[in-house]
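This is the structure I have questions about; it appears just below.
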């Protein structure tokens, strides 16, 4: 990642909005590396992501950011700046399987995901060996039966203590409480092991096998209190045949899960996603 | 298509079943061109499709077929022979849009689909020009409101008069009556304009747009009285983005529909499908 | 297609270039529907495509276009305006097979391709029936052996008489003379029946079969005098297996050809392509 | 993997060959789990892979295998039996990058690859940390400049001492000597970072970027002394755009490499591949 600034913005659509934003950047000698935008003609909304090279800026970055406020407010916009380079403090929540965790760790090492994994939390111990091999502290949190409420309390204490900005549910087999979802709205990413909205709920691979579908998939989405219905970031499918057993579907599904989750996280941490109600606007790279 | 014989068979799984079938073929000097089989280990069932070169057969084909009966019954099998070359008498039912019909006509001309389109039936007149350009008689059947029942009666008369073996619903916007589905069980193929089981029902492209899915699809399936739940033959997906309007999704969806339907028909008319309850076993080529 | 204006532009990269262009549009109350741009950081070049709703423009369109000249020249840009709606005068050149032609005709009827096919030219008569069924005049031009030179002369007379803006080689099995390529530079689109740069030259399906590749493809590209090496617009692949004969590869390849060519033409006629030396910049929809 | 037996066989095509093989299995109460075969009509060759449940066998497995010899010789076949469950002794050769190695390790842990990695050999030290974290001995072998010949000598000593059956070149940046290729013919799998036969040779991502291709890929193939031309087992592609820099192509390419290599190894160690001259017959699962 280059040094610079990312600006993410959504607003009602306005005449001349692109000119206004681009002119503000140019007026302070910011250099546009990328400028993605989307004018939703149906909803009359505007969404944009700018990547700005700030090396020639004629003011300091703090000044540049605060100076934008006047324009932003006049556009009735929501906006967000991020200074690059950046590593997002990330918690990964797991239960038994570690293939998604492995993918996250590998892509982080390959510099494909600018995150810092501040904590790995599991309600089972299965992922501890991989965590320890990778030098990341593993927190076991008991959540079964009566321990559920206190488990979530403990998790939120950890997240809060570490100023976590992103929570990845990497095959975490617990449903988050509503107020947890609300507190971290737009900051929790889940991988669902089916091609949503087909096969929501438990055991999607058995459902897919019984239904004889010819493609299975996985869905990476933001978590809302409406289970399996949060904004979709990325989906991945794999072709299947009659000779694939439920175990084969699970194997092929793991593959989809790893890819969809890795892409979804990448888009989020590079600020390539904007949530718009039930949908996510994604500017892929 | 080469001259020869296709044998399709399903039965309980038996020890030595492949040897028995292959030995019968070999004993009369049939030459196996293809032998696809599937032993379903979960359900203890056996499915097979054989393509047999009959040029060196030591009996005539009728004799070969009837002689197989003793073995077939001992295996408690359902089986079906088809003599090659073969053109399947096919009716295509349409309403307004003709992109699926066009695909069927093109692939038939390209010798990719061994069918003879005996009749084209529409409850609207929109597809008449394409039919007439292609030299195929077009039957307009009124089905709106009170004419529905008598419309289906007239369709079944046509199908019966022409000994139709395959009915393709190429974007036919009417729900078939239950007894129609039963009479032609395993012989009606539909193209559904979504990736089933997601977005069953009407207006899937609008549903997909509102939900913000990142892949849309189409599903080719056998029609049963259980709407949109018949055995799936083929599915196709296309990647979509936030900037795709419902009209764009419909455009991309048309593309999926054409591909999935053309493949589904091809598999059926080449006897590459076996229906097993809610699923279809498909040996693709 | 909405009424409006498309502006395509390429230039050296300049500080503030997006602001300048967007401000010009906004200053005359043009409304940006889409604004795609690409800053090539390696080559220091800038490419953009704007789609502008002109219904609130405060000058007439001619004035708006000519007024842009001052800015365009100051940016040392190449640019091009197109007034919407627009139908591009297109010639399709064919030899024997008509599957690509069929695809173009179908997509034109479906309003997916805003073109007007002014002439269909073939050096064989095989596509005449499809042309006539579709009500498009078919010109047979003899090109074998000694007739080649005079054949191309006749083709260019036709193209010139009809003010053709786009020439599609839809499986046209003749190599264009260099001066023809130069005269219509950036206006000739070919479909090559392989995944270029693999298997350039003749008989790619036989080459692919012998090599045992697991994917075959087709490439839609601009034609230059450097055979099979023009800028690539779109590529499509299909998975293949050992059991596919060269005839099967040709069947699957036809499918890739139709898709890649239809997409390639669509991108071109919607001005979504910009040629940059050996490459094409494509903003897909 | 179930207990049982895999039989792989290739031979000239013979009348009744399927019946003969299946009858031999059935005559000793072997139960066919899978029976894939391919009759190459062009070359008059036969290829098969059988997976046999041996729990009801009426002889011991050794007897069953040796008894097959009479039939096998009468068919002029090459054949190979493998007793299940089986773990194939595998050496992985690496240089700098470890993403392919990581994929192999992960899939092995997930029981997707029945291999035992007996040794990890690198001509650089970059992969040592991952090897050690995974508890696999890492052998550094110096191969630069004058050390090349003695490096290969040392590698072959290691392979021989450990009775290695499969050698995986997981981004090993050295060309193997001819006699090495011959000694381990059909037992060396390489991942090439392009969609072969396009972009053979060095720096395929830079070549792809300059050529502006719209799809990049990776190819998993057997190694022969003819560089980059061995039988292809699997290929994978990813769609790319003009905005992808060579570094982006490398990132997307890594992804293709991991997938194609993992599938290729899986097919090989499950005996799903048969080499036929320049091609590989692959029965995928």
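Note that the chains take the letters A, B, C and D in the order they are written out, and that residue 1 is the start of every chain.
Following the convention adopted for this analysis, a residue touches a chain if its C-beta (ideal position, glycine included) is under 8 Å from a C-beta of that chain, and two chains touch if they have at least 3 such contacts.
Since the structure is predicted, the reported quantities are computational estimates derived from the model, not experimental observations.
Asker: Centre-to-centre on C-alpha atoms, which chain is most distant from chain B?
Answerer: Greatest centre separation from chain B goes to chain A.
Asker: For copies chain A and chain D, work out whether under half or over half of the interface numbers are shared, and give different or same accordingly.
Answerer: Counting shared over all numbers used gives more than one half: same.
Asker: Mind checking the centre-to-centre distance between chain A and chain C? Centres are C-alpha means, answer in whole Å.
Answerer: Here the centre of chain C sits 37 Å away from the centre of chain A.
Asker: On a C-alpha centroid basis, what's the spacing between chain A and chain B, in Å?
Answerer: 41
Asker: Among the residues of chain D, pick out those that touch two or more other chains and give their numbers.
Answerer: Residue numbers touching two or more other chains: 34, 41, 243.
Asker: Please name which positions on chain A make contact with chain D in the complex.
Answerer: 34, 99, 102, 106, 110, 112, 133-134, 243-244, 248, 251, 254-255, 259, 285
Asker: Where on chain B is chain A touching in the complex?
Answerer: Going by the criterion above, the answer is residues 38, 40-42, 47, 195-199, 210-215, 217, 231-235, 237, 241-243, 245, 276, 278-282, 284.
Asker: Which bits of chain C are touching chain A when the two form their complex?
Answerer: Listed in rising order, the residues of chain C that touch chain A are 15-16, 18-20, 22-23, 25-27, 29, 31-35, 37, 39, 41, 56.
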